[in-house]
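What follows is a group of structures, each given as structure tokens.
After this come two complexes, each holding chain A, first together with chain B and then together with chain C.
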Partner chain A sequence: MTSLLLLRLLTEEFHDSIGVLLPPAALRRQLVNSSDVRALATGIRFGEVTADETREFVGMIMKEFRPGEYFHNNLALAALAVAMETWSSEFVEEYLLDLARLTAPELNISARIARECIKKRFALPKNDLRVLHYPRRIAPRFTSRGMRMSELPEEPAITRLDFLPKKYARSS
Partner chain B sequence: MFEELLLLGRKEESIALQTRKKTDVPNSMGPECVPPTEVRKFERLLKKFSNWKPRKPPTGVYNCVGHVWASRRTGVYDRLDEWVLRIRDEDGYRVLNTGNEYPRTGDLVTYWETLNPHTNFLHIGIVEMREGIEPSSQRLPFVWSKLDGTSGEVVHYVSDVPYREIFGDFQTEFWTDRP
Partner chain C sequence: MPQLEYFVVCRDVLANMQTDEITLSHVLEDVFPEAYPHLIAKATAVSVWNINADDAKLDYQATLVVKVPGNADVQFPMNLAKRRSRYRAMQSILDIPIDKPGDIIFEVLLNGVHQASHTVRMHPVDDGTMKSGVSAPPPKA
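Entry: the complex of A and B
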């Protein structure tokens, strides 16, 4: 029996929650933030959705593929790719690589999302430096060094980032 | 997993599409036929954004970039951040300084997640200036849009787009080929 988490990807509610289909990179990020996709990712991680079940699900929806017509389950295939992109298994590798190398025009969305997922999957982790500035009006309880936020000078404590490489200094 | 499709060997088709400087722009024509599910989704979108005025029913051949720069013949999908800026430069568009210059019909509006630097291109459309609700009010920028690869074409107010609910915020930049 197919998991409800997978079947959810075929519903109008899921399609409506995504709305217009953005360019691939933005759509991938939108899918990452989708509650349905996050629930599916959790289901996969905790074994609620198995590889066999997923394979069966993909086989089932691919039966509706018609050459020359935009494939209406494109978004479900794309969502599945995003849900599995960080999971390490042979099945996931197979799914992502197979989907990514498809060049059928009917699957142009899901194949491109799979390529984005692969790009993310194999990207090296990066250090990320961020400087946070809390507006004074929302942080009156700030007590660092015994000083209230309202008593701090207007300028943030760190004003010079010359010692950082240029690309980090920009974040100031 | 998709062996049958791989065996069918279906490939995206592209046409000759170049910038003014004769750089080839990678493009791909989508299938003309859009299934009823996508048509219904477009109708639901029109209900949700009730101020959108539909111009054309859904088609899969082109996307917003193809609508603006390929005369509705094909779509441009890959590395859009890079290609959109390259086409802008090579086709002689300039960024409109909206502080002292108002857009005119025929200019382009682009939607980005962030500007400076341009990251995450979202959409592009053709500006059409229309009268506001008050007869005496200033003309307002509306946009001819093909919002995604399978939607139809609509005309909407420049900021009446669904990106705010997706990304929290978005930024627009007007481009013109006027001197």
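Entry: the complex of A and C
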């Protein structure tokens, strides 16, 4: 099911709120200030709108694309690019680059906005967090207490369940 | 060539999703283990790079080298992303085994060239003996 935050981009109310189509840099600023785009950006950031949902949404609106005809959802593609421009993920990278590469005149607005977004994105830091294990061949298996597995006593440390309240103790 | 802004090793990193600010918590400098062998459960090496517009299209490899006393050096390579002017490389290394006291050196290389290092001192086990040779009184029961 497509999120309402995405569907909002297809409404006339959203189109009216943006007003006349400005040059790319000014239009991008206009979209950044739009409450609908800001709500969508927050939704993306906090996982309310997922990458799969966005993909599905883009697929849905692109079904209406007819070469040589005015494309009504151009602004929705541009708004989506602006909403995701600060988000660091493979999907966003792919979306912005693919959109910026398009040369079809029907998609001129969204492609030029995507290029603006890429310019803006260049100034933002990219966070790359990786979790790595120290190699096992060097680090023999340790327990959480820092003992090697081979150094563990043969008998388990806790052999009786005396610490449990009596009502939980199993009667033998 | 990318310029290293800072390099530090800490226990953990927190990222604020709204502001994109990061918090480095518990910077590792001195560790006083209760016994050896000791295990550092997690150490996060953070290196922040500034990349010129001309260099943003080129490939650069930042390598983290971990030198633990008594063990062979271990390398963790990472490619810096293209099309960015700044890059925060955060590498969390889990389960670093320490067999004896000494200095653990975390070194960062850019295309194989040394850029910075961070030293964590592993102190010997405190056996209760003061420097003057007088034994510390036993703890009260």
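Everything that follows uses one rule, which is that the second predicted complex is superposed on the first by the 123 of 172 C-alpha atoms of A that agree within 3 Å, B and C clash if a C-alpha of one lies under 4 Å from a C-alpha of the other, contacts with A are read in each partner's own complex, and residues count from 1 in each chain.
As a working rule, contacts are C-beta pairs under 8 Å (C-beta built on N, C-alpha and C of every residue); 3 or more make two chains touch, one makes a residue touch a chain.
Not measured: the values here are computed from a predicted model.
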| item | value |
| --- | --- |
| Which of chain B and chain C A:Leu7 touches, first, second, both or neither | neither |
| Contacts of A:Glu69 with chain B and chain C, given as first, second, both or neither | first |
| Touching partner for A:Thr86 - first (chain B), second (chain C), both, neither | second |
| Touched partner set for A:Leu124, first chain B, second chain C, both or neither | second |
| A:Met60 touches, of chain B and chain C: first, second, both or neither? | neither |
| Superposition-derived comparison: chain B or chain C, residues of chain A touched | B |
| First (chain B), second (chain C), both or neither touched by A:Ala39 | neither |
| Chain B and chain C contact sites that coincide on chain A, given as residue numbers | none |
| Residue numbers on chain B that touch chain A, as the complex places them | 1-2, 4-6, 8, 10-13, 28-35, 37-38, 40-41, 44-45, 60, 75, 77-78, 80-81, 113, 120-123, 147-151, 162, 165-167 |
| Chain A - residues contacting chain C, complex | 45-46, 86, 118, 121-135, 138-140, 142, 144, 146-148 |
| Complex contacts: residues of chain C adjacent to chain A | 13, 15, 17-18, 20, 22, 33, 35, 37-39, 41, 48, 53, 56, 66, 71-72, 74, 76, 78, 81, 83-97 |
| Contacting residues of chain A [partner chain B, same complex] | 12, 15-16, 19-26, 29-30, 55, 58, 62, 65, 67-72, 94-95, 98-99, 101-109, 112 |
